[in-house]
Each structure stands twice: as C-alpha cells, then as structure tokens.
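Written below as structure tokens is the structure these notes are about.
The first chain written gets the first letter, and so on, giving A, B and C; residue counts start at 1 in each chain.
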C-alpha cells in the first residue's frame, strides 16, 4: 500500500485527509504552479539569448558582485556572529536581553526600512559616513556599501544557528579538558570549536544564500550603477522593467541554481557530519 | 467484561519483522492480565491494538462478545493509562478527569459529582486545582488512573504505568493498584517489563518475546513451569548452562541432570537455574575436582550473599544464599564447593520436556 | 557581570569584558545606529511633521493596502501552517521529505524571483496572461498580485514555528483524548491548540511582520500605481527617491515600530513558553 505517494501507515489520529488536502492544494497552487511557470518560461528561451543574458559583461559583473559581497559579509558574520552567540550564551551582563533581542531585528525589520536607514547613516552627511569619508572610506554607492548591508541582513542567521549548539555544550566536557591539562585557548580550539563548526558553516551558508537574493536593503545604499554596484536581483528587476522577460528568467534560473546547489551541499555535508558522529 | 484477541498481527515496516505475530489470548473478566516481556517484544503494540490506537493488519479484538476490531478508538470505551501518563498539561487535575465526560456533553452537575468521587478514590481531593506539572510522578499517575476511570470504561489498559517512577514509589503504587482493582473489579490489562510487578499483581501472565507469545499462565505456572527456554531465562534472572544430551540425560560438565526420554543423543541442551535454586555443600577435600565449583567472588548484599562460582567446564554460575545459610556453609574465596543443580529447568534445542 | 559554568572553565575577566564590548560595539554599529537614525529622521523635525506626513492621502492608501494584504495572507498561512504541521508531524507517508522542502522553498528564494514567478504566471506575457486578459481580470500590477506574492513569501512562517513543536510534543495527549471519547475537532480545539498556542502565536506574529514589511516580491508585482498598488514599504521607496525624507522615514518608523513590537512579543512568548516547561 505504500507504493503510492501520500499513502500513510495506518494510524488512528484523525484529520489526515483534511490536512493532506489543505497542504497539497496550497503547495500546488502557491509553490509548484509558479515554479512551473518559471521553468516553462526558461525552457522556452532561445539558448543563445539565454547565454547572452547571463554572460554579458553586465550580468557577469552583477554575479561577481553578488557572490563576492555575500561571501565577504557571510565571513564577517561568521566571526562576529560567533562572538555575539558566545557572549549571549556564556556571559551574564547588564543589557544581555536587549542585545539578544537586537540580534533578531534584521529578521523583523522590513528590508526597505533597513535600506534607507543604512543609506542615510553611511551617506556623506550621515552619522557614520561623515566620520569615514575624511579617511577616504566611502561606503554609500560602493561595493563596500553592498557588503555592509549584507552584514546587517545576515547576522541573525549565524547567531541563531550557532547559539543553540553552544547552549547544548556540556560544561563537563570543558572541565574534563581542563583536568587533562588543556589551557582555555586549547580547550576552545580543540574541544569547543569542533563541536559548533558544522553549525557555524550552516549559519554562514544561510547568510550567504540570503545575501545572494537580498534586494530591499541593498538598492538604496548601492547606487545601482551597472557594472559597478548592480546586484543580481536588481538586474532581474531592471530586465523586467524593460519587459525583457526572457532575460530576467534566465538570470533568475541561474541564481536559483546557485543557491539551491549551495543549500544541497550544506545539507549533504551536515548529513555526513551527523553520520560520522554516529547521530541518527 | 473479558477481552479476547485472536491472531493479532502488526507490521510497521513493509517487509520487516512483524512487531506482533499471531497473538491469541483471553483476558478473563474482572481479572488483571499482564503482558510481560523485554522492550521491543510487542507487548505495547498489542495493548495499543486493543485500545484501537493502532489498526491490526490481521486478527480480531473482542470486548465481551462484541467484535471491535474496526471500531474507532473513541467508541471503544476503553480506559487507557499511558506510559508517561499523557496528562493534558494545560488543564487542571479536575479538568483532566472531567475531560471524557465533557466531550460527551454530560450535565455539569453530574460531571462535578463524578470528578469529586474519583478524586476521593485516588486520594487527591486537595489537589484538584493544580496543574499536572505541579504534581509528583506518583500523583500524576493517579490522576491518569482517575481520568481513565471517569468514562466508566469496559476495560482498563495500563501501559507501563509505573515505568517512570523510582523504585520505592513503584512498590507503593503496586499495592495501591491491587487495592483499586479489588474495589472496581475492572478487567485490566497491564503492560510491563518488570517481572515482580507481573508476578505480584496479576491473575494471568502473558509472556511475549519478539512479537510472539511464549507462554500464558498464572504467575505460579510461569515461575515454576516455564514453557520455553526464553521464559525460563527471563523469569528469575536464571543462570544459563550449556551441554549436550548423553544417555537420556543432560550432560553439563560433571553434572548429569533430568530424564530427557527420547531426546536424540548429542543434541544441544540449555539448563536454566535461578541463583536461589542452587544448593551448595562443603566439599570433602578428596572429592574429584570435576563436580566442584571454585568460589571466585563473594559479595554481601544486605540479608543475603551473592556467590560467584566457576564450574570445571569454565562456565560461571551466580548463587544467592541467605546470610544464615552462608554462615553455616562457611566458605571463603578460593575454596571449592559441591554444587547441586537439581532445580534446573532443561530445554533440548527444538525439543522440550 | 558573571559567566555561566564553573570557575575552572571561565575565561579571565579581561577576555570576558573585551568580548562583551566587541559584541555590543558590533551590534551597536550594525543594528542600533541604523534603527536610531530612522526614528531621528522621522521625528527630528517635530511630531507635527511626522503626523502630517502620515496624513498624505497616498501614504494613507498605502497603509490601508498593507493592512488589507496582511489581513488576507496571514489567516490563509495560519490555516495552511497548522494543517501542514499536523500532516508532517503526525503521519508517515511517501513524499514527506519533498513536501517539507517545497513548504520551505519560499524561504530560500530571492524575493525578486518570488515576484517574477507570479509575473510569469499571471502577467500579460505570462502563462495565464491571455486567459486573464480575455476575461478582463488583472492580477499583476494590481492588488491580487500583491496578496499572492505576499502569501507566497510568508507561506512557511507558521508551519516552521508549529512543526518542531508538534514533533517534540508527540501525540500522546491526542491519543489519550481519543480514548476518552473526543472527536477529531474536539481533540484539535481542546488538546492540540492549547499545546501549540505559544508557537502558533509566534508564527502568526512573524508571518504578519513579514507580510507587512515585504518589499522585493511586492515591488516586482505591484507596478507602483500611486494610491492604488503601493504598500507601506513601496511608499517608503517612492518618498525616499523623491527626497521626501520626513515622509519616507515617517512611514519607515511605523514599520520599525511594528518590527520592535514583533520582537518584544516574540521574546515574551519565548519566556512564557520556557516558564510553562
């Protein structure tokens, strides 16, 4: 009987039919159908158009910027996100609760608001921009600005992925290391870091994936100059505004492929780590 | 009301080993029947099929004369005490007990009266307004009983009801359950892996292993006359000795035991002897070494002494002696003692007497 | 300040203080400063200018459209989320993994692509474009498109909060309710719903915050018709690009307030959940 999809093992809890009906209906209508539209459109695109859309200098520059800035921001968050998670889990200090709540702000704050706020703060007359400009560091309308926006957006991904693992860490393991003669630094790198490294990688990958697709918080600070500060999502929007649906679709498909490949890799890696550690 | 299951079978993974295979037994009306077995033996699955929480792949479940194999859970009228109790954490003790009556839309006055009766029955009158998390394990367990009894069930099904409690509370609650049963006379099926619980509480024991029923009988029958090697080993933490059939007897090293009749010569034999069934005697210093056991370890545990012996065959044997008995024997580590395995139960492979 | 753990495994005070200082400085620069700037820009020229900015008819229309969109998307996703979580947590069936991935998919898709797929579906050149045009129905560059894109983007929120909760709680209490004679809906309303209520409310709040704040996806499908298809975040963009900073930041501060209320509510719910346990 389990040869057909969606046949279940017989149990007694009611509501299987109803919940299956609602879920399948919604997923088909809201997820599968629109994705099919994307695939149908992409497969209808002439191959040479497709490759021009994604290998032209403008597209190449956009991909390079999106990948480069997302990666840089994810790495920055990898370092500082770990530090923030560590401080939140291990230390008790005045204002810890506020700090904890602030970590989630980038999740909750609409991206457009973050975008205009960052653009204003880092603008020439902004609070931080006016401090940095005299030293020759311009953030607004540069690739650095794109990275800064992505650091803002990606922070909670790293903190909230690493935090639970640090929380679960048994202090007895560290005490054992100390009784065996390890220094605090040695304990951190030999005992603690290996424990949360997989979670850190996941968090950094999630931040990276989110960075690739991010739009609202970047477009205000980046200035959107083709070949220089134009990100991939903006390229899609621009092509749509010019009614170049085929071009937009081509770029979108490549971007989707990149982020799915990344997520797939992370999942495979995690499965391997779990297996190697004998979990599940 | 009696409960009869016939040919009950359940497979969880297609192609896998059945969790329960062809289980057939009757739980007599008004008695406590225990399903006893190690974890993974399928006893809980049998209970869940009787409750209607799992659908049987084959076989029937009857409550009295009524075939309820296809009857939905909510219409079976069985009272279930779950492992871990499954109390509704968001409801007070009172509302937990009232739940079954509320969903039946009984009049408020009747519900209130019934709940008070049950609170008195389980001796929790003062705790009716607490939430389950504010109670001790033993108290939660009694709430679970009261909740199951509230719907005036035809039968009471208990899934490891004392499993999560520490040993002192377990023993107390056993006595309490026996008393409760004397008051209610409800047909009860109890699932447990604890043989003391089974032997103390039940009128009938069903021993299960790997999805199959090994033996059905009274506690005394199960203890005194195990039907299979598994039951002999499982009940009473018996020592296992291996040997072969020789001239109609089981040859275990220097010991020859039992009358095996027509058992084929040379077949493998298993003998099970409980630590309190072995008799020891001081050995004559000149006695042949073959029939003696070497005392390897002595451990005093309160009122009795655990003696670790090594037989000439190399097999180890654990023996328990009362303190007085041990003192009379007066042996110490390194001594040799005469070993009498007369109480052993013997099973010839694929053949039993 | 203090640290958790025993004395033996505690870092020296200097290390602890430095770590805390760096963490605070990092979050201060990257989160607090932008947040503060929104409020200063909005209220810097007085509450009167702030209120006047919100009273602009186009801004007012954007607020109404945002509320309408959330009022449709959030209940739909709540019903869906609970049904999907129940299905995945309670039953074993083939295709469960694929279904879970599909439900999570909107999280891993760029908002811009989320908008694009609806344009490709219902836009003039889209799959259903000719059909919709023949019946004179407009979805893209109209309110239905905004609702659709918002619902897509926020689809996983409730399911994501409720599913792990249902999985960790198991179904013992539901089974107990069934043996006591409860019907399916009685089990749901009397046992399941109270069990998941904190997670459910958290999911609804997060779903609502995203529904009201979504920018990329809505931007692609809205067509920016002033007073008609602009939501609050889109209005922020338009006002900002017109150098109407007070206007832009006034609307932005409303959205910031929403975000802060959302966060505080989430924290409070997490705490009461912890206390409950």
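One rule holds in what follows: a residue touches a chain if its C-beta (ideal position, glycine included) is under 8 Å from a C-beta of that chain, and two chains touch if they have at least 3 such contacts.
Just so you know, these numbers come straight off a predicted model, no measurement behind them.
Asker: Top contact pair of chains, counted by C-beta pairs?
Answerer: Max contact pairs: A-C.
Asker: Give the label of the chain whose average Cα location is farthest from that of chain A.
Answerer: B
Asker: In whole angstrom, how far does the Cα centroid of chain A sit from the Cα centroid of chain B?
Answerer: Chain centroid spacing, chain A to chain B, equals 54 Å.
Asker: In whole angstrom, what separates the CA-based centres of chain A and chain C?
Answerer: 16
Asker: For chain B versus chain C, what separation do you get between their C-alpha means, in angstrom?
Answerer: Roughly 53 Å, centre to centre.
Asker: What are the residue numbers in chain C that touch two or more other chains?
Answerer: 175, 178, 183
Asker: Counting only residues that touch at least two other chains, what does the list for chain A look like?
Answerer: 2, 9, 11-12
Asker: I need the residues of chain B touching at least two other chains; which ones are they?
Answerer: In chain B, 52-53, 73 touch at least two other chains.
Asker: Taking the complex as given, what residues does chain C use to touch chain B?
Answerer: Touching chain B from chain C are residues 172-173, 175-183, 186, 190-191, 194-195, 276.
Asker: Over in the complex, which chain C residues touch chain A? Could you list them?
Answerer: Residue positions touching the partner: 1-6, 8-9, 11-12, 16, 19-20, 22-24, 26-27, 29-35, 37-38, 41, 79-80, 83-84, 86-87, 90-95, 99, 102-103, 105-106, 108-113, 116-121, 123, 125-127, 148, 151-152, 155, 171, 174-175, 178, 183-184, 187-188, 206, 209, 212-216, 219-220, 232-234, 236-237, 240, 245, 248-249, 252, 255-256, 259-260, 262-264, 266-267.
Asker: Quick one: in the complex, what on chain A touches chain B?
Answerer: Touching chain B: residues 1-2, 9-12 of chain A.
Asker: Under the touch definition given earlier, write down the residues of chain A that touch chain C in their complex.
Answerer: It is residues 2, 4-9, 11-16, 18-20, 22-24, 26-27, 30-35, 37-38, 40-41, 80, 83-84, 86-95, 97, 99-118, 120-121, 126-128, 148, 151-152, 155, 171, 174-175, 178-179, 184, 187, 209, 212-216, 220, 233-234, 236-237, 240, 243, 245, 248-249, 252, 255-256, 259-260, 263 of chain A that touch chain C.
Asker: Spell out the part of chain B that touches chain A in their complex, as residue ranges.
Answerer: 12, 14, 52-55, 72-73
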